[in-house]
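Chain nomenclature is as follows: A, B, C, D and E, assigned in order of appearance, with residue numbering initiated at 1 for each chain independently.
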Amino acid sequence: MTRLTRALAPFVLIAVLLAGWEIACRALSVPLYFLPPPLAIAQALAADWKPLLLSAWNTLSMALIALVVASVLAQALALAVGLSPIMERAVRPLAVVLQVTPVVAIAPLVVIWAGLDHAGRAIVALAVVVAFFPIFSGAVTGLKAADPDLELLFDLYGASRLQRLTRLRLPSAVPYLLEGHKVAAGLALIGAVVAEFVAGSGEAQGLAWRILESSHRMQTAEMFAAVLVLGAMGAALHAILEAAERAGLAWWRGR
Amino acid sequence: MTRLTRALAPFVLIAVLLAGWEIACRALSVPLYFLPPPLAIAQALAADWKPLLLSAWNTLSMALIALVVASVLAQALALAVGLSPIMERAVRPLAVVLQVTPVVAIAPLVVIWAGLDHAGRAIVALAVVVAFFPIFSGAVTGLKAADPDLELLFDLYGASRLQRLTRLRLPSAVPYLLEGHKVAAGLALIGAVVAEFVAGSGEAQGLAWRILESSHRMQTAEMFAAVLVLGAMGAALHAILEAAERAGLAWWRGR
Amino acid sequence: MIAALSEVEVDYPRRRALGPFSLEIGAGEIVALVGPSGCGKSTAMRLLAGLEAPSRGRVARTPGRGETAVVFQAPTLAPWLSARANAALPLALAGVGRTEAAARADAALARVGLKGAEAARPAQLSGGMAMRVSLARALVTDPKLLLLDEPFAALDEITRRALADDVLALWAQARPAIVFVTHNVEEAVYMASRVVVMTKGPGRTAGEVATEAALPRAAGFRTTPAFRAQVEAVSALLSQGMAPV
Amino acid sequence: MIAALSEVEVDYPRRRALGPFSLEIGAGEIVALVGPSGCGKSTAMRLLAGLEAPSRGRVARTPGRGETAVVFQAPTLAPWLSARANAALPLALAGVGRTEAAARADAALARVGLKGAEAARPAQLSGGMAMRVSLARALVTDPKLLLLDEPFAALDEITRRALADDVLALWAQARPAIVFVTHNVEEAVYMASRVVVMTKGPGRTAGEVATEAALPRAAGFRTTPAFRAQVEAVSALLSQGMAPV
Amino acid sequence: SPAKQAEAPKAGGLTPIRFATDWKAEAEQGGYYEALAEGLYARHGLDVKIVQGGPAVNVPQLLGAGSVDLGVGSNPFIVLNLVQAHVPVKAVAAEFQKDPQVLLAHPGTGVAALADLKGHPILLDDASITGLWVWLKAKYGFTDGQVRKYDFNNGPFLADKRAAQQGYVTSEPYTIEKQAHEKPVVFLLADNGYPGYASMILAPDTLIAKDPAAVKAFVEATAQGWRDYLYGDPRPADALILKDNPEMTQDVLDQARDKLKSYAIVDGGDAKAAGVGTMTDVRWNAIFDVAASQGAYPKTLDVKQGYTLQFLK
């Protein structure tokens, strides 16, 4: 019973919210193009599911590549930075600058740098910029979260900086890394979408294009359907990472 | 000496990078409108610093309000969710959907809701959407990171859910909350900029206004100057939060 | 009867931790649990506290919520709370007012010899001091069942004896049932009305030694022949229990 | 001389932790440090290990990096490593090959009675087992200076004595200098060539008791009158040091 | 890299031309698509590939970086910006003699002329804020405080009766009427004295210097394309547009083409006499006077750097 409740909980809440929304839309007779009721969105979804899924796959693959690249880059940089406090003080402000640099501002440059024929590369690069920071920040914070007594032990045994990094600080950072990736996954997805907004040309096939197009055409139900697909992908990605986090933490804690 | 090195490290690295950039630009004679050399950016900065600072202040104030609102909302929701695992399973996917919803997609709705005369509200609301997730996710993760033996102790003394939340889980979450806020600060800033891109008004012209204007007028040096100011604000905000994190963690650990 | 384990067994994925093991704790009884390292004493304590369920067998407990107090083997203090706030935690959870809770916590800290360290954080305490804060936290309430897992292990002989007498004095007032784990056989015999000896893990009962002398002990009890005889008996059971079966 | 503290004092923000305190450790010497809880024994150990600097006074040390081994008062194990990997850590850091390190770690674990628990994680170990892994980690290398902070506190009498003899046997082979903290006076006298007694915190030297008998002890040493006399002497110094000055 | 593209081997003897438009495929680009679909470009020795634009595509930047060979300049301010930023790119033809830009207002709110919009919130996109907004401010005394962001979504406009919004005469009036069943009040800026050209063909100086014949060929083929699209058979272009932009629909294309004709966007004004694509020094000077009057550009800017008449008949 409780197990069932747990499994159904998200759906029940969503159903309640949707019902409220539908009723509100009808009661206030909100025009379709302002805020479509859930049923209209469902219809749009049912009508368009094939191209939507194709677009979703395009966006998702970009986001996944970006997440992997961001993960590798951020962790590599965090490790490099972890070797020397001076490096950290030097690199960290630059990472922040990268985080707050609007994708829109650098998109044209990235597009030109990637070449107009490789819109995919530009999109991945921009999504990497968006997803990079939480992993980097989590890694840097986590690398410092090691048990101070274990740090003393490593002092005692004359561990080299590299040994300390790989054998103490990196494993100690695992919980923070997992959390960082959880935040970054969503950012990679939204980063891919935003990148496609700004870097995609007519050839782009991802969800962003559908969202923009439906928005411009005030086909708000279609737009919500696309956003919904995006949200579902995000939730699925999050659920996977959440499961990975649970497993990772159980491994890490040893129970 | 080492203290000096530490304090100067970021500046030295930045100086080296800038010098390399300047030299590369000159050597390859990259056109100014394509990628301006640092000196040109510095000139633009010197020429425009007054309006830039005003814009920066507009953006920063929006971002700060958004950060505070996001912080309050995310923590309140995380606490509510922390009271019941079923609530968590229900709310968390919705939070993810919110995270991956592109600001551009919901901007028109938010603008309608806020009214055209309150562009500021719309910007803050959109920036809140962007900054919300890392705090929420960090809070939820942190609320579960309490020492399992202390959890047993709370079982033993028959602590109520609320007591467990406020006296055990919330304090245990402090390190994760601090990390979440560090990531969210940058997101609030970039969120405010992006929100201004899509929902801004000419009334309070923030940095987004400057960036778009320079970008469209191909005054790339001016655009970089605005991005630079944004980056500096981000770095400053980050440094403040970093200091707060250090103090917070020292308090938390009791040493 | 306050708590009872009947033929309990506790299994972990690749290892049995305890049992089959039975133990009945009567009201107002003081029972010492001794046994080799890793035999399942801490596991048995968690069962008695109702914090864990056995894989097999039955656990019966009469104390209600908040009527059991435990000192875990490790101090288990909240790092963000002062010694005072840590000791006052059970009171705070029971809804006792701030000032009263603080006063009672201070009194408990003074009782374990930590006057002056009330404001210190766990990270600022020595190992023995942290353990004593944990003990103060258990003594601050009025439990029906007090479970102490090697509470004095990190303490010097003198502090240790003083605290043992203190616990006995406390017992004389409210007569809670006390179960404590110790590696100090003399301490076990001195404090307990009954010493339960466990075999090496997974622990079973190796034997029991009961002490007739009235509790709390009369001065000089440690030097009586009866005391020495019982210490010898427990030691013999221990050696037996550790021999490969 | 392997390590020496001369008139050291350690101050923490609101509290003096130690001193003034002096202690010289000769090569191959076994020194026991006893004193009341919170007197600064662990602090003194950290100074001897070179892990902390005194607020005043001087610390001299001859062992190079990696030639000191420490068992902290708490187990201090990496939760993500198995008992084997934890015990092998000093070897891994010294660049010893994987298989050799694992073999030596297994041998050290067997020596502390943990055969069969090599693959377990710290969270799956009992308190005493975790402490023994920590001890195995200290014994796995060939240190010049071995610092043990209450290594046997969480262990039963029998395991404790076996391990004490084991440490002495190890000492007989390589003759490292050993400093160990204990609350067990008999253990101190049995194992050490010199017992240093500290006053209550901030700890100073209350007195020293030296033992003439050869190390490792002959069988039956615990029953000799000399042993009893020295135990009495240390206990007397302890009581003295704990009295308010 | 740009150099490599320029020297790429000509496919079947044709000169490869990458041409960037300023928006997704639509009737407003009918002439280009017609020329491509009918093979006019190929007949002029060009192998043209149309690169679709969008809300974030910045054609001048692509041209400046050499990522494309030719592109569409939406409004004359782009040309002035190019001059000011010393980007060696010039306008070589103007396909729209009248800019189709309009401002829309709600009916029955007392807005009878552009001047009445003073104080009203006006929704503008990024390009227009640096473009026609300069003219609006200069002419009507509007202030920056009135500007709201237009994300190409009509919702915010429809939700606020006081609001005005930019649009293309060929597009928004139709879609709004369809969506909201409300006929908005439409002010064509060109009819209110806005002097700007639109849909200009931009070419980098390097290409003009290296292969002027190709540029001329493109200008001529495009002019023919427009004539054919408007007065011949538009179906080849429409098919290509619908293929490039699957979201487009035939009814939108049809009404847009009608509006292009009825407002004489392509063949009105000077084009009546001089043909499609024509530009004049007089008109450019008028444009510059308006733009510079607000201080947005230095009076000394040499507007002649921004266009050339050498490819026009």
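Definition applied: a contact is a pair of C-beta atoms (placed from the backbone, for glycine too) under 8 Å apart; a residue touches a chain by one contact, two chains touch by 3 or more.
Worth saying up front: this structure is predicted, and the values here are computed from it rather than measured.
Chains that touch both chain B and chain E: A. Placing every chain at the mean of its C-alpha atoms, the farthest one from chain C is found to be E.
Rounded to whole angstrom units, the spacing between the C-alpha centres of chain A and chain C is 50. Centre-to-centre spacing of chain C and chain D amounts to 26 Å, using the average Cα coordinate of each chain.
A separation of 50 Å divides the Cα centre of chain B from that of chain C. Touching of two or more other chains is recorded for residues 34, 104, 108-109, 112, 197, 212, 215 of chain B. Annotation for chain E: residues 58, 61, 65, 151, 153, 155, 159 touch two or more other chains. Those residues of chain D in touch with two or more other chains are numbered 74, 124.
Going by the touch rule set out above, the chain pairs that meet are A-B, A-D, A-E, B-C, B-E, C-D.
Those residues of chain D whose C-beta lies close enough to touch chain A in the complex are 46, 49-51, 64-66, 68-70, 72, 74, 76, 78-81, 89-90, 92-94, 121-124, 141.
Contacts from chain E toward chain B in the complex involve residues 58, 60-61, 64-65, 81-82, 84-87, 121, 123, 126-127, 129-131, 143-149, 151, 153, 155-156, 159-160, 162-163. Interface of chain E with chain A (complex): residues 18, 24-25, 51-58, 61-62, 65, 67-68, 151-155, 158-159, 175, 179-180, 244-245, 247. Touching chain D in their complex are the following residues of chain A: 147, 149-150, 152-159, 163, 167-168, 171, 174, 251-255.
Listing the residues of chain B that touch chain E in their complex gives 31-34, 104, 107-109, 111-112, 115-117, 119, 196-203, 205, 212-213, 215-220.
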